[in-house]
Structure formats: C-alpha cells, structure tokens
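Data first, discussion second: the structure below is written as structure tokens.
Which chain is which? They are A, B, C and D, in the order written, and residues in each are numbered from 1.
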Amino acid sequence: MTAEGIKSTLRGLVIPNSLLDGTDRERRGFDVEGEISPDAIVAIAKLFFGAGYGLECITAVDQEDFRELWYQFNILTGAPQRHLLRMQLDQSDQVPSISHIYGSARWFEREAFDMMGVQVLGHPNLKRLLLPEDSDFYPLRRDQCIDEELRKTRENRRTKRLAAAEKERAKADAETAALGAAEGSRAEATTTKAPAPVEQVTEASAPTGDPQADAPTQDAVPVVDKGGHR
Amino acid sequence: MSGPSRKLAAYAEHPRTPEFAELRFGNLEPHLIEAPDDGTYYLNMGPHHPSTHGVLRLVLRLDGEKVIDCEPVIGYSHRAHEKMAERGLYSQFLPNPSRMDYLGGMIYNVGYCQAVEQAFGISVPDRARWIRTMVSEFNRISSHLLWFGAFIMDLGGFTPFLLAFQDRENILDLLDSVTGSRLTYCYANFGGVTLDLPDDFAGRAKALIETQRTHFETYKKLVTDNTIFRSRTDGIGIITPEQVHSYAMTGPCARASGVDYDVRRAEPYSIYSELDFEVPTRTEGDCLARYLVRFEEMEQSLRIIEQCLERMPSGPIGPDRPLIRVKTKPGSYYFTCESPRGQLGWFLLADKNPEPWRLHARTPSFCNLSAMIEVLKGTMIADTIAILGSIDVVMPEIDR
Amino acid sequence: MTEDNDQQRREHGGIVAGFGSLLTGLKITTGKIFKPKVTLEYPHQKVEMSEAFRSCIAFVRFEDIDTHDCIACDACAIICPSDCITVTGDRMPDSKKKRADRFDVDFSTCSLCGLCLAACPTDTLKYSADFDDAGYQRGWVQDLLEPFDDPPIEELAKTLTAREERKKAERKAAREAAKAAKAAAKAKQEESGNA
Amino acid sequence: MPALIAALEGMLGTWLTQFLLGFTALAALITLNAMFMVWFERKVSAWVQGRLGPMEHGPQGTLQTLLDVIKLLGKEPIIPAKVDRTTFILAPVVAFLPALVLLSLLPYSEDLVFTNAESGILLVFAFGGVSLMGVFMGGWSSNNKYALLGGVRAVSQNIAYELPLLLSTMAVVLSAGTLNISKIVQVQTAGGFGWFFMYQPLALIIYIIAATAETNRAPFDIPEAESELVAGFHTEYPAMGFAVFFLAEYTYMFVVCGVGAALFLGGNHGPWLPGPCWFLIKVYFLLFLMVMFRWTFPRLRFDQLMDLAWKLLIPLSLANLMVTALVIKLV
C-alpha cells in the first residue's frame, strides 16, 4: 500500500480533522501525525501491519490530568514514513492490546503498564517488566518519585544563581577575549572565536528566516500547549 | 543443634506462602508458572551466569537439553534514566545516555545531543559534526569488537576474546586522547564537542586503521574459517524477515535477515549523506549471518573513519562556552540514529520548562531481545547461548 | 554478497578442509606465543594517561601565587546532576568577593560529566590525572581545599586584591597596546591605500 | 640414599618398601605435574593472548600455583545444604584415586616401571573408566541442574570416546603383538623399527582427539562448559573438592599423553638424554598440544560432539584397525 493509500484509510480511523502531514519533519522527525481514540488502535495496527510497517515505539506520557499513549509506526524499506498517533486515555487508563498483531507491542505495552500504569486489555501477560513484581507504584507518573518541594527549591536556585554565574562568566570571557586580542596574534583569536559556520544543516537547522519554523509546534501539538498552562 | 545447621533447619521449615510460586517465578508468562509434570524441568539461567551479558535471567523449560520454552526476565539493572531526565535540565541528562549502553556510549551521547539540537534548533559547526561522526564510528568498531570477543567466548573460544580486547583497547586509547574517557563518554555537548582533536590524532588513527585491517584478516583465518565455529553458527537461530517485521528488530540482526535498513542511510543524520559507505546485508538470518554482517560493518566503519580523516574541516568545534541552559520550544520530537545494535530513538516531549516533560529512549536491544523467545524454542542449551551472543544484547540499555 | 557467502559455506563443508582450518588456527595461536606482549605489570609499571584524561575534579592553581580562585558561587553544585558537590564560603574582608572555605566532592557519586567545569565562572575547576584514585567506602568525600595551605583570610584577601589590581592594570595596558597597534595598522593601511 | 633404602628394607621388608617408595614417587609426580601444568597452562594461554600471565611470585610466576594450593587448602570446605552428603564428599576421591594406579602403569624408562602388567593398556582404560564415576557422582549429588547436566554429559561423552580411543590403540597393539606397554615401547626401540606414529598416523590423530575428549578438555569440555553450565559437574565444589577434581584432570591428561607417547612416539627412546627425560619431553609435547587446542578452538555442541565420535571417529578407527590387521596378515 502506498503512503497516500495508508493516509486516506487512516483518515477514516483517526479523530476527524486531526490527521496532519508532519509539520517540520526535519526537526520533529514525524511524517504524519494524528489523534486516535482507544477503539481505533487495533484496526490501525492491522492496517499498518498489512502495509509492512513496523511498530517502532510506544511511549506512555503522563499529562497530569490524563495519560496518553503515543504510537509510532515506520516502514523499514524505502523512504521512511514515520507516523505518530497520539491516543488520549480516559480515567480508567484502559486500552486494547495490539500484541497479537505486533510482537514488539508485547513488551512495549508491558513497559507502559509498568511505568505509567496503563491497563492494557487483552494482553497475554500484563505484569511488571522492569520493576520488581511486587512494586506498588508507577514511577513515570508525574506525581511519583518527584519531591515537588525539592524541585521548586532547585528551580529557584537554578534560575537565580546559574544566571548570575553565567553573567559572571560572560564578563570574564569578554575580558579574556580583550586580553587575547591585545596579546597580538589577532588572526589566531579570530579563528578560535569565530562564530558558528553560516551553513545550516539538516540535523540542527533552525531556519531563523522562516517564520513558519518557530510557530508550528503550537498547532501540531495542542496537548503540550495544555501542559504549558499548568 | 549448632548455629548454622539450626538456621538451615529453620529455612527448611519456613512456611511456604501461597504466593511463593508467584514470587519465585516473578513476571513470567502464566504457562511457565505451572509446574511441569511431563519430565521437563526449569533452568534458571542467570541473572548470575557467565554468558548472559550482564544481568539477564532466562527461565528455560527444558526437555533434557532441548529448550521447550523460554522467557527472558529483565529489569535487574533498571535505573530510571527516563525519570532522571525529568528532574533536571537538558544538559544535566548529558552523562546518562552513555550509561544506558556502555558499549556504544559515544553514539548514545552524540545521539542525545543531536536530538536536543534538532528539536531546539541549535546549530553545530562543521568540524564538530565530522569529529562526532568519526568518534561514533570508532565507538561502533569498539562495540562490535567486544561483541566479537564475547560471542566467541560464549562458544568456548577464549583467545579471540582477548585479542579483540587488545584491539578495542587501542581504540579506547585513541578515544581517550580525544574525549578523556574510555567507556562512558560525555564528550558531545549541545552545539558541538567539548575538546578538539589532539595534534597527532590523524597519524595515530591511520596507523590504527592499518593494523586493524591486518587483525581482521587474522580473525577471519582464526575464527570465521574455523570449522567448529561454522558448525556452531551455521543455520542456528534463524530469524525470519517476518519476525523482524513483527518485533521491530533493527540493526545487524535485521540486516542479517535480509531487511535492508540502516538509519544512517534511511534517514541520514549529521554528515552521513556525504559519506560513501555500504550497508552490508545477508539473507540467511542465522548466527553466522549476524556474525558476518557485523564483521563487514566494522570494515565499513573503518572506511568512514578514513573519509572523515581525509575531509576533516577546520574551524570551531562548538560554542565558546558550553550551553548549559537551552532555549526550549514546546513540542514533541523524535530523533533517531544508528547505534551498534540498531535503531536508537530519542522521543522528546518538551514544554517551556527547562526540564524535559518526557524523554523516552527507544533502545534497539529491547526489541531484539523480545524476539528471542520465538527463536529459542526447540534449540539446545548451547545454541541458546550462541543465539543470545549473536543478538548482542546490552542489558543496561534494555533496562534503562 | 549472497553468492560469496554460499561459496564460503561450500568451502567449509568437507572434513579435510575443516581439519585444515583447525591447523590454520593452531598455526596462528602458536605464532602468537612469540609475539611481543601488550600488558603492563600494573603496580610496578604505570600507564601514561593522555592529556585529555578525565579523572576526578581538582582546583586550578594560580601560576603566580599558590592558591585558587573559587568564589563559592555554587554554580557547580547546582548544575551537578549527581548532587555531589557542596561548597560553602564567606565574603572576604574589605571585598565584595566571596571565598570558598569548604569544597566537598563526593567522588563515589561523581560521574565525571564535566558540567561543573562548564558552569564555573572563574575556570577554577579542572580534571586531575590520577587514574588510580580509589576509595574504600561509599560516600568517599574529599575536600578539594585540603591541598591548599592558605594563609589567614585577611592576608589572603590582601594578596588576592593586589593580584586582581595587577591583572587589571595588565589588561588595561594590553588594551591600550592593542588600540595603538590597531591605530598603527589603520594608519599603515591608509598609507598603503594612498600609495 | 641406597643406604636408607636398605635400612627401610631391613625394617619393613622388600615389598612394603617398594610400595612405599613407589607411592611417594607417584604422589610427588602427581602434585608436581599438576602444579607445573597449571602454571604452564596459564603461561601458554597468556602468551597466546598477548599477555604476560602470572609474574608476581617467583621468576615468571612459577610459585603462583604453590600459593594457589595454599589458598585452596585454607578455604572453608562448604557442603551445600541439599546435597547428597556421602556421595558429594566421595565423588572427588573416586575421581582422583584411579590416577595413582594409572600412573604406575606408565613406562618411564626401560627399568623404571612401577607395575609391569602384561595387559597394561586394558588396565589403563579400565581404571580410566572408574574416574568417570567420580565425575558423575559429583554431578548427581550436587543437587544442582547445571551439575546434573554436566554429569550426564560427561557420561555419554566418555562412553562415546572410549571406543575410538581403544580402537586406535588396538591398531598399535596389533602391530606390536602385545598389550604390555613396556613391550610396545621395546618393539619401537628395537633396531630399525621406527616409532608407531609413522605406521599409524591416522591412529595417532584419532588418539589425540579422543584423548582430549576423554579428559574433558576444550574443545570437548562439554561437561564443564563454563559459558553454558557455569562450571558443570563441579559447580558446587569449593576449596579442596574443587582442587582434587582439578588434580584428577591434570593427572589424567598426563596419563593419556603418557600412553600416547609410549604407544606412538617411542616412549623413552631417544638419543643423548636418559630415558625418563625423553619420556617426559614427549609427554609434555603432547600436553602442550592439548593446551593449545584449548586456547585455539571454540567448543563443540553436545550433539556435534556425539556425531564426531559415532559417525566419524569410530568408523575411521575401525577401518584403520581392519587395514592394519589385513596388512599384518599379508606381510
């Protein structure tokens, strides 16, 4: 099945109007993105499996009010076509298993259960994977294992004092630079202190001239936006 | 009754709670927990075993020497790296990636930096990218060399292990003179690398490549052509392309089964699109194929390093001051690179805070090992070891 | 590639060829007996570490006076991912600057990542080259200030201020020299341009 | 010395004195051989791998083994809780004791033979088989699955390789016309008749392979395959139990190489040097070969090991035996 064919079938399975061509693939790494409901995942997995896609990764994300599973499908032959499908879970944290379709989902789902407490229905062996079998917490949930107080103090210290240190540093740098420039070998100084090369490259491109580049994340990831208001 | 023996008696009389079986077999598949009554028995291979490569536990159900069923139990070296990422700055996670996969530490370190750079648009000078690629390829060779030695050792040959270690040691010496570390690198930082190449680097690297090539010839004669080695690996542990597809296997394991996928070519990152190298593939999918693919990969890496040495541009190696706090942009990002064991993916969910909201590492061995269950059934104990060795798992990378 | 592989496999089918491969292996290993050895007898012979080698962190000493320049700004302690640095310090008399009086590093948790070096505003931290540092217990804490035999704080403050002023003067002189050189160069350029 | 022996004879009688002297000499040989072999093996493996090996105690680390022995003696002999105690303790003894008998059967020189038995070769194999019981007892009584697997493997492997070992020596026995080891050596030294490996090269190769397997040495160390079975049959043995198994292994290596040297390499025959020297040189040459095998080859899988014995070595040695018989009949 071609990439276009997959996309048209997928359009019927995802939450309406949520399917996007991955904006800014160079930076974000996704070709197609969409949002799905838990009911659709089995059909989608079957679709991708039939088309020769592999299940690259399942990431469980805790958004504090709810949890999400992010499914990544990619094709290993030919040009990469990485699909990212986000699935918001309801309060019961239940999701149907796709381990009967993808072998790799077996451990991915167990990991999601282990780390985030996602209840995968129909999984043949939904038990702790990395943690001891008798552990009673889900470590990657945001309310777990992070001492909020400590975090806040740390953040305060960090914002104030690191900034101060950086300022001091910049001052010292400026002085050494002046000293270096003064000590004669100006040509040398220019080579060592030259600004980063102008040529922008794929891996780290920040096309500053393009106003689109800085904006799209807001549109593409509404969830994160929500997180921002926290 | 004296002290110790009384203790023993107390142990024997210890009431076995109903949960005992559950506890003993831990996270196993249900069919493995039932006690067998057909003459088969369980063998707990690991977590302390000479050839489980770290702390992997394989619960094998055996009929004589034949493996009927197998279940890997993992998590013994789980250190919650992903949680650690959430509690610190992006830069404070820098020392962690190389601890995930201690054999491909440089590639993990560079990969994480590139993930952050790609996400937040930090530019990297040319020279830094070439240096990163070169040290990554050196790291790939050193990882494969250790795998080569350990694999032969799993098969009972001891000498190639130490010969491979000597070669690896030479590479580590070289990397040491560049990065300052030998195993867990923290060399790359956001926007470049921390140290420049030493003056005598090119000469040393070229000499090393030459000796390495002659040593590969020796290994070919000593190991690859050895009839016992052949009989132990030829046709053992065949992974079909369908299994590769279903289990999302990547790296040399997938390429040995005829799945021609290499991130360096499929999604060229850094400077790989400018380099001339081949992606070795084989179709048999057995241990020997995986062995040969890795061997060829080492030779290709040597080629890449030669090109890097030739074309190494001059210029700055990064920002004047290491970037400690990066300007974040909210969004979800995925960056993938080729680790010695397959596709390494960094999934990054950022908000406007200076810490990552969620960082998830898609580690290749995780998928590769989960496919083991299917491959192991019906083999013998000795083959189990051979297959496990040929898949080349690094446990801390799986457990994270 | 596959053909080549098939050929390799065929070659290793026969008993005689297999026996030959074993003999080749024996020849190689026997030859290795007479090759030079690579290991060192460690406690008797020591390895030279490379210049870049990273061992535990240490203080940079001034070239002219035997002390350090730690201002107890706490940047290293904050950035440290393992929280293994504790710095305390106080203001020096007659100076705005702070001065460290204790700099503890818990080497048992240090991961040698170098973030403290990057964060240090005065470039006071460096890596030492002692590769065989080993502790005999967990929580191996070391005070980096120990090797410094600093004079009393008043005296030290004076020395440091004097040093600072000297440096400042040097910098100023250097800046002026640079300005003069620049002007001279400019004049020269103009001259050549005129010519 | 002769005076001392005479005095002893006066006190204890000739037989007892000879027995005591022989026993002491053999015990010394066992210990020295094991200590030398451990050092030798470590050194050779180190040299092969580009290392130095033990260097710390004595010149080139020669005293290392002695110190290791002292360390082993000082260790606590732990007997795990659920083992079969009697069998567990007896196993190393059973594995080791036949070694004394076997050593006494070897021809060190023309007149230095402790037991000059007419059916010497048969005795060697008979007593060699007893030691296998020790290995199996150790594996069985340990109450450990690795040890049990090791013990079971040892039995089937030894039974399989006993056959080619015997058949290859039988070819020599047929050529020599006697089962007495000293006489076989004499046949080879008798004027004009060369050493047997010239007439029986195939038998020698089969003998070396089978002997390596018989002593559970790599690449046939299936019973103790450390990458599969941790330590095989001696997984549970600490301290002296382990040391005695070790001692037994090296003594058996000495025995099979001694028989090989006597049967194929002319025993004590050789120019310039005295007989025992030549015998030891030949034995240690064969031992060196076995050490080199261990540090060169990967291990065979269990079924491949069996295939090698039953499908290749036994038919080959049988064919060799028949050809030998035919040639002897015709000539």
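To be clear about the criterion, a residue touches a chain if its C-beta (ideal position, glycine included) is under 8 Å from a C-beta of that chain, and two chains touch if they have at least 3 such contacts.
Every value quoted in this text rests on a predicted model; they were computed, and no experiment measured them.
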For this session: Report which interface contains more C-beta contacts, comparing B-D against A-B.
Result: A-B
For this session: Go ahead and note the Å separation of the Cα centroids belonging to chain B and chain D.
Result: 43
Exercise. With chain centres defined as C-alpha means, what is the inter-centre distance between chain A and chain B in Å?
Worked result: 22
Problem set entry | Centre distance in Å when chain C and chain D are each reduced to the mean of their C-alpha atoms | 56
For this session: Report, in whole Å, the distance between the mean C-alpha point of chain A and the mean C-alpha point of chain C.
Result: 34
Seminar exercise, completed: Among chain A residues, those touching two or more other chains are 158, 162, 166, 169
Exercise. Among the residues of chain C, which ones contact at least 2 other chains?
Worked result: 22, 25, 28-29, 32, 38, 79, 119
For this session: Could you list the positions in chain D whose residues touch two or more of the other chains?
Result: 48-51, 295-297
For this session: Check the chains against each other and report every pair that touches.
Result: A-B, A-C, B-C, B-D, C-D
Seminar exercise, completed: Interface with chain C, chain B side, in the complex: residues 84, 88-89, 91-96, 99, 159, 163, 166, 169, 173, 176-181, 184, 186, 189, 194-195, 198, 218, 221-222, 225-228, 230, 234, 280-284, 289, 292, 321-322, 324
Exercise. Once bound in the complex, which stretches of chain C touch chain B?
Worked result: 1-2, 5, 9, 12, 17-19, 21-22, 24-25, 28-29, 32, 38, 49-54, 79, 81, 111-115, 118-119, 127
For this session: State the interface residues of chain C toward chain A in the complex, per the touch definition above.
Result: 73-75, 78-79, 119-123, 171, 174-175, 177-178, 181
Problem set entry | chain D to chain C touching residues, read off their complex | 44, 46-52, 55-56, 292-293, 295-297, 312
Problem set entry | For the chain B and chain A complex, residues of the former touching the latter | 22-23, 26-30, 74-75, 78, 80, 82-83, 86-87, 89, 114, 117-126, 129, 191, 243, 245-248, 250, 254, 259-261, 266-270, 273, 315-316, 319-321, 324-325, 329-336, 343, 345, 347, 349-352, 354, 357-358, 360, 362, 366-367, 370-371, 374, 399-400
